[in-house]
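Structure first, commentary second.
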């Protein structure tokens, strides 16, 4: 694997860590859901890097797109803030 | 295959009565006919020494008939007839006869079982359906009593099963056969486990707790069979366990036998004391039944030829007179709708036949010649004395005294004294009960005068296992302590009774008193005033014995139950978290297992 | 720098954080997010298993010229299935959560205490 | 707090175990292809005619899985509909979409649908296939849900599409059973690899999946929107 | 010759077709599950003679295993498939009589049965995961279908544990795939000796968790009482009679056929007995009868798993025969218990022991059937449970744990206690009269007839179970019949 790609992956994994921490710490579910969309997006980039374009497309469409959508719809009903 | 046909006849009869549904007369007739067919098959075809087997894939089931099969089979079948006669007059439905016949099937089948698994199968069948009979019982308490009975009998059954598996594991044989050659003390454990259900069935203390409630809360007709018939399976089990399974118990573990004898003695005494403190006729009889079964255990515990003969004979006698007593009480209940001794009295003139039945029943219970109760008691006393255990001897004698006490209470409270106002129109017990009473009175006297008829058979059962010491013929017996001729004893007894009656009538200053004018002293009272000395009958005895008896085994048991409940609560706490906690279990489980695998990963 | 540490590390980290969030989250949706995260991590892990050094995607666009060094296509096929199953699970869970909010009036997991006795 | 610490410890212990295991036993990128994977790579194109190996695995070699997968999605859509049915609707103020959004989405929507169709039609040639395609289509609808206030696809039609696609999928499989004695067998001619009309039944299945997934996902979104 | 794959294909077809039918008429959908399952049963029965010796191989995509997915039905799987379809058929008749408004319920139900039968028929590991997911997701839906507080909470708990559990199951599959290069069960079993022990250990652990959730193994079964209690009665029946049985099949297939009794079974041995003891203890003081039945169900499953794991101590076909008997007994007995409990409550969902007082007197049939169900679970003679219990004890003895028999029997005594308490309670006092409908009653009677018929004359069941056990026991025959000669 090219080292440039590896650096990109490293950078992205740092973002990933931050995003998961945001999911954990955020009291606002909207932020958490968006962070999880970012995680899915980064994962889909990782899939691409790992030579799995089919999975990458699917993950981008389902994980980052659709799942976020239904999560947001559900959040609308279930309440936006934790500790309510 | 006769044996299977017999069982099949009983099962089919039960099913048929179930489907006959609402027509009571037809149901009764079918039940009687089915019973007669089955018992005719039994009496004509079952001889000692028949062998049957059946193969169900992995289980080869073996059956065999022996002398004990015939002996106990006839007792149980006879008592079942009495039960049928009584139940014609009771409220019954299809399921009632189904359960009764299946109970009978189990009870008869057990007598044939040659291997322990089929023994367990049939024994459990019997327990299960008799449980259902109790559940269908007569009052509000019967479900509770049935529950108690179920738990106890299943406890016994499981102990038996555990014993069976230990036996199979150590001897590699599932047959009812000797275990005394096994090394170590495991054989004692096996014996104890196998003996447990029989101690439960025969209501030996401390396994008796279910019995008073179950006996008194099941339907009156069924109690006859329950006490008179089913407890015999317990006795049969004593025989199986002590003679067929552990043949050398007397030489290997003599103290175990002593323990059984002592338990029997304690049962006889304590149950006797409990009995005369009861205010309910059926409870009283239930305790009396337990007390009498205690004697049987004493007989087995002493383990000599004539003590075991006594035990068997006592079992036979118990079947006769306990059935008789329960039957009479059932008949009385049918007429007066109560079994509370405080609410009865003076029925002697209204129900003379029942009175006669009860009178001879209690005479037999007390072991007075020329009734069936005498030979066994006589033999048993001799056996106890011969054993030389003075304490046990006195215990057994004391138990006999209690028998007199509760017998008197029973006969007095029901039949003597003042007639209650609402019982003035009471009639004699109906045909079924009357027939039963007469049928039971015949063996009561015949076997009392000529015990040899039964003793011969009993001797066949046990002579293979014990050195014959008892000499007997039709009407006499000879033991190391002496010789007794039962007709002579009977005649002496009867003539003494007649003599004292004559003396009483000639020399006693008697006048004919109305039933209402006793106890009145000087005061004139109206007819409506209830005067019957049964409320605090033996009240002083209650004062004397009540307090020490309050501490009971039952309480200990309840404490145990509480302990289990506590543990159960803890176990249940595991399932009370929220979803995160459950997920935590999963992670914990993974981590723990991974940790345990440690270096292997 | 080792690519293995990077990919395995981030996927396992995602799984761990998923479990951790599911264990400590209070809001039901957050717990579902944790499960989702776990699934994403697992999928990433599976794809990383299938990677072959220097391999290309298993698509032979210049057939009949066949690359000898391709990554393992089977994990990719499996992960395709797993992703769809994961979203189905999340959707079902969300439906339950929405109903819970309606019935209980709250989505706080520690307040769901109907089933104890 | 203690709960969090304990959870932290165990979750990370779990991760540690997992990581140390996989790192020792399956070093990254050093595993040669073996077993079925080798077979797929070497013979896949000849056998099934699709140049995208993943596609031929998904639809044919492991087509039975995919049928199951479609079922799972169907199940989720059904279950969601069942659970959310009869929701007591409360009138809420919905924010008015802006004119820009309304107009752009109106023109973007057909393009998105076209893009989705392109993906599932070329599933056997290029990355993608039925699932992402269906989701892309659903995303198009999602966009419309957000941007157009009055937009509401016919539930009747969605459900019918979904059912019809599903039955068609099973019938395609049964066709294989009837013609080649094996469920989901590739009975159509393979054609020339790397052209659109190739790879036997793969495009057919992917088209069916595309429709099915699209309608299911749209259904899910619609259900969730309507509560 | 009707290919058994039609069992799955046609079920799917019918499930997909339900919405179309629902558009035609609102009455049509409810007839689909019974018809579909009846067809399935006929298909299965028509294949009864063809399955002998090893497994029947049914390929998909026209390619031989291990390249493509295949179904592999041996007698063991066949028996479970038959069991699942039979119970499913009875339940579908039950739903016919229920007034369910939503056609989607029938789809969920049908797919649930489909998932279970898929699990017991498939020969592919990943395929089993897919079917497991179908089973689980439909189960969440079915548990929650009541849409009240309890059912929703139960469903959520089940979902959470189920999701993580099945993900770990997937990880286990992947680990095996990475080490063997195959996903076919028979192929993996064939290659198993080549895998290093440490990988086996880890994969076994992952499978243990994944399957443990389904079969209600001790620390993973916490969802079970909640889900059972929350679900409606027929769904509880389904959970205990169908879903956990599919789990048992999977456990046998994976831990015995694939892992050949390696390591994980020893863990199951201890966990099984612990599950049994803890669940029965927990049931002892339970006031809510339905939850009590759930604990009892867990306990029975624990006993079953314990007996199953004895195979690691002693290789004996009888042990497998026993687990089949136990599974059958549990399926029919627990099914009967849950259904008759529903009849006793009269649909009020009041399961507390006090509120059931006297219900057996006013609804005699349901009371008697509840008693029968309890008796078969307790192992009373004349009921099927007797034979399964005795066989279980014999298996324990054969494996040399003779003193554990005492423990098992002691714990069974608890069972007697809590079942007896309920039976006594429903037959005492006076209850409100509630009659059950004819169809409901006849379904329960059919359950009871199974129990009694097997109990009175167990010979056919024994021989059927024995054949199935032989099929499971001879794993080399299974492998060769799928993979060809070795």
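First chain written, first letter: the chains are A, B, C, D and E, and each begins at residue 1.
The working rule: contacts are C-beta pairs under 8 Å (C-beta built on N, C-alpha and C of every residue); 3 or more make two chains touch, one makes a residue touch a chain.
Just so it is clear, the model here is predicted, and its values are computed rather than measured.
Note on connectivity: the fewest chain-to-chain touch steps from chain B to chain E number 1. Shared contact partners of chain B and chain D comprise C, E.
Among the chains present, the centre nearest to the common Cα mean is that of E. The chain with its Cα centroid farthest from the Cα centroid of chain B is A.
One inter-chain figure worth recording: chain A and chain B are separated by 77 Å, centre to centre, where each centre is the mean of the chain's CA atoms.
Work out the mean CA point of chain A and of chain D, and you get 19 Å between them. Chain B and chain C have Cα centroids separated by 68 Å. Centroid to centroid, with C-alpha atoms defining each point, chain C and chain E lie 28 Å apart. Touching of two or more other chains is recorded for residues 1, 52-54, 58, 62, 66, 70, 73-74, 77 of chain A.
For chain B, residues that reach two or more other chains under the stated contact definition are 578-579, 583-584, 587-588, 590, 594, 601. Across the assembly, chain E contributes 126, 130, 133, 137, 140-141, 144, 147, 156-157, 160, 164, 178, 183, 198, 202, 225-226, 286 as residues in contact with two or more other chains.
In summary, the structure contains touching chain pairs A-C, A-D, B-C, B-D, B-E, C-D, C-E, D-E. Across the complex, chain B meets chain E through its residues 56-59, 102, 106, 117, 121-122, 124-125, 128, 132, 135, 140, 143-144, 146-147, 150-151, 154-155, 158-159, 161-162, 165-166, 168-169, 564-565, 567-572, 574-575, 577-579, 581-583, 585-586, 588-590, 593-594, 597, 600-601. Those residues of chain A whose C-beta lies close enough to touch chain D in the complex are 1, 52-54, 56-58, 60-62, 65-66, 69-70, 73-74, 77.
Note for the complex: chain C touches chain E at residues 19, 22, 28, 31, 35, 38-39, 42, 45-46, 49, 74-75, 78, 81-82, 85, 88-89, 92-93, 95-97, 99-100, 103-104, 112, 114-115, 117. Looking at the complex, you find that chain C touches chain D at residues 2-5, 7-9, 12-13, 15-17, 19-20, 23-24, 45, 48-49, 51-53, 55, 57-61, 63-64, 66, 70, 72-74, 76-77, 80-81, 83-85, 87-89, 91-92, 94-96, 98-99, 102. By the touch criterion stated above, chain A contacts chain C in their complex at residues 1, 3, 6, 9-10, 13, 16-17, 20, 23-24, 29, 32-33, 36, 39-40, 43, 46-47, 50-55, 58-59, 62-63, 66-67, 70-71, 73-75, 77-79, 82-84.
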